[in-house]
């Protein structure tokens, strides 16, 4: 997530540099050609690029809307993971007999590990990193044999719950109640995977780029009598605006790609660890020293 | 689902070829007529096609919005099917007494078969293909007698659950809890069928096409003094943009038609099979060799 | 629901014929007046109708959006009715002791009758038609005494459920579980009634028509130097597009008025009957011979 | 709720009369000033008011959207109240032992009274009017002592439910089940209160009015060479359209203010009374004679 | 929340003063430069700023939409907190044995304290202020040791509930039922924290500002032949409209920053205290004397 700290200009420019170069070439090429065939290109009226520009803003607005919705849905799902992680501990403490504190702690640690692992696996990173202080080597080995690590951790906790039940440390009602929380966590896991694996209709993006270039070319022809000193920056600045919004949307669509605009899953998992440890009555993990940056991950 | 791999230009052009030909004929025909009656058609101001163009982008944006929502809702429902399939297995393992592993496996296999069958039946294909390794011949025969195959599979699982209950392998609470998961799966099944069978108001599409052609004709008249060399590509390119977006929307509306833009139900069902087999502790089904393509189904 | 079959042109034209006649009269009247007072009406710039046209498309887009949402919500509620009808049977079969098959069948038939009756009553038709094969004469008579027929059928089923409980054919858990399904069906019933009885803010429609006529009049004045041969079809075609979209929206808003654009409640109820009979293991009702039409109801 | 009956023109005009007078003064004043300083105000191009007009329609569309959503959410919440009121009676009849019919009737009457009281209190009227036939004088007195009358009625019903439980007239499961219905009713009550007490960002309205007046002034300057005979009606008609939509939105935002555009809470409460009495097997309350009007409350 | 009382003009102007100064400087600077290089800047057509202006309104509309949705979601979550706080007390009174009134009162007071503490902590203020009349010094001290005060209060109530259970003052069903209410409250707490900590994509804001300045500069060039007397106020007024809407959106996005446009969490918590005390049968807390202001917090 990009913070409101001062965002470096270099970062902003990097985002759209290729598109701007192509826009510049397209615009300049068009003006050169228009200069050569000056009599054949007499009267491209400005109304054409003007309405194209308005249309682009409408189409961008749709794309921005849907992309923001995906990003916000992803954020909501991680919010639900925070909530259900907290509730899971409160419920375990409320329904499991008090002599089972070690079992509760073990399940709580696995829940923290699940959060880290889910975040990592969404980003295509090694899911079991950062879990040495939470999982035993045996557990890690068992989990590593599965192809879907977070699901394997979830199954361990479901079995631990069943084992509490078969040892009469929890009754049927508590069992169901906590299993429902695990089901909600499974739903959230599936939800973020869905967002991560479903590509936004990619042909839409092609058409949008196509119309933006059409806009640049028709604008370049329309303004062929205006000085280059004015037209070049104008073309660049307007197309920069359009491409920038398109890129913001493109990045928001896929919020787990290790980019500054990501949903900050690692940061959220650390919050969950802090909250769960508080509920367990443990001291907080020593805060890592963070470098000041314009984003968190 | 169309992947972000390079999409073949031929595929893109095929999508709108008929519309482009009609657009070309309409535009050229208009210019010819305007050339003939040149004195009667003196002053169609460019403001007319310009505002029509803006209006088209607004109306397209609405259509794109609703179509995307249908597609995304379909994707969400299949996401819920993934989640509930996983949860079903976790719940069976948590609530059914451990000596019933074969019964659990049988229900799990039926659940996988249900996913394949639902995907196939949405696409109007033979629903029981790909289920030989999951259903016994007796089951297949029983299911085939019904008109609604996925519902028949669901009923088999509901009966299996009741049979576990009557054999005391599950208690009343677990019975209800798992029955609720079946109910959610029934809801998801009904949801995707609803999307599949409900046609987006088809008169809207007619009006949209009508206004796009009106735009082309008025634009052709307005530009009658501009050279054909400029007007023909302009007409074609702008209408290509409009028709393309309309077609994307049209395809997203009906996401189970065996088209590249479909919700990839077969791919999802394979993921479910992989996940469920992992939860059962089974080896994964040998991965099929996939041809690299620009889409998955 | 209008199918994608070829929609008759007459049907399309009928929808907007009154509006088009008024539009023609307004446009022509304006031009006549403008011709008479030709010196007083010198310079209505085309920018006025152009921006009005764009504004109309924005306002229409809002209306189309909300109307579509109502229609889709109505369709979703009927989808929920399909789902809960299926689930009701599965749950009865799962929780009621097996010697009660006749009672289950009776409740299932009442559920089918409820679907037909709800659809009919939404359209203001006799709610108990088509239910002779489902309800006994005694039941029909009892229901007919109530002012709200579907609610009366629902109450009969709630009582049947309680009777099963008091005869120990179902335990407390199953009772609650199935009562929850009846509650969801009650919610869906209330939902479609809400859509049916709540009028979309009707003043909005007045303003929209008002602005469309304002557009036609200002356009007619602006184009007063252009030949009638061009202006009349232009006025008619553009206003046809606007009025058509407005009418589509108007029809979608109220999806239970016995119009081709309705949610096809009868068709859905027939599907439910087919599904429930399959779940009961009965032969399907003989398919009625349907006349091929461009819509279903 | 405004019905589709013929809406009196006076009602429509009353809604925007102040805004129209200000618009007229602003427009005329501008023209006068522009006439005086005619050389200093040479060239306000029409493109300025034209793009402002388009922008206004976009901004109005947003406002209309959100306002409609609030109104529709309020309507949905009252729909949920209808559903849960019906379900409450069905559940009481299903779970409370049959010898408790008088207790059920008492709770049902309180539920009806709660609906009337909630509607009245939302409109800032005396909440206990219209409840003499439903509540005993003792109950009315007890309720009147509380600051929140509907909540006090709800508490009476919650206590009645607990009393049924402590007299063993209902078991634990039924108790929970019906308490959940009361919780949903509490949620709906809180929901409509939220809509009623939360003011739509009122600064947005100020800016919108500001831009509309800016539009009128720039349009008046742009058209300074056009005859007053044409400009005055044009200014009035266009701004009437804008102000009217703004007012519709403004009224929809706050749907419990005793205005014709309200959610018809009294009408809905009467429907609930009719439905509940039917479920209790009572004769309907004699229908009040209603004056034909263009709206219901 | 800003009330509909007269909003001071100073407050309104303060909101956008910096943006207006920059806009003025940019516009004037451009005009000066355009005056100097008057031959090089001959023909910037007005269509450029006009379409930019329309585009800005579209992009602003998207931003306003999402910001309003965040604000409304935050308001809804606080509405859910009101509902669940009321329901919690009704449920405690319904399920806990009547001799436990002091324990219920203690939990009710903690629930009130939780509401105040959550509101304060969202605004980054001392969370335990205003809770002296609700929490004992021992409780306050225990809570103060945790980093997350509202979560600590929630845990105290969860433990109190478990203690009621272990003392047999509540049965298993009531325990689960009330624990579910605590879970919903945990969800609402997580929800408002999510909104508070998630920054709206801040690059979007940069682009929007960038395009508004681009609009101002191109407009200033286009109007270079129009008198300063007209252009300066025009530039200022139009950009004031745009910046104002952007600022409204910016403030709505983050509704817990101690600003007049906040969700009024303190006011809501006071309502909850009043309602809960009524349900407990206590006298209301003496109303604080409020200064009349144009907003509440």
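Of note:
Labels A, B, C, D and E are assigned to the chains in the order they are written; within every chain, residues are numbered from 1.
To be clear about the criterion, contacts are C-beta pairs under 8 Å (C-beta built on N, C-alpha and C of every residue); 3 or more make two chains touch, one makes a residue touch a chain.
Keep in mind the model is a prediction, meaning the values are calculated, not measured.
Number of steps on the shortest path from chain B to chain D, with steps defined by chain touch: 2. Chain geometry summary: the mean Cα position of chain C and that of chain E are 38 Å apart. Separation between the centroids of chain D and chain E, computed from CA atoms only, is 24 Å. Each of the following residues of chain D touches two or more other chains: 47, 50-51, 54, 58, 61, 65, 173.
Under the stated contact rule, the graph of chain-to-chain touches is a ring, a single cycle where every chain has exactly two partners.
One closed ring of touching chains is present, and its order from chain A going to chain B first is A, B, C, D, E. Across the interface of their complex, chain A is touched by residues 1-4, 7, 12, 46-47, 50-51, 53-54, 56-58, 60-61, 64-65, 68, 71-72, 75-76, 79-80, 82-83, 86-87, 90-91, 93-95, 171, 173-174, 177, 181, 223, 225-227, 229-230, 234, 237-238, 240-241, 244-245, 248, 252, 261, 274-275, 278-279, 284 of chain B. Of all residues in chain B, only 40-45, 47-48, 50-52, 54-55, 58-59, 61-62, 65-66, 146-148, 151-152, 154-155, 158-159, 161-162, 165, 172-173, 175-176, 179-180, 182-183, 186-187, 189-191, 193-194, 198-199, 201-204, 206-207, 210-211, 214, 218, 221 touch chain C in the complex they form.
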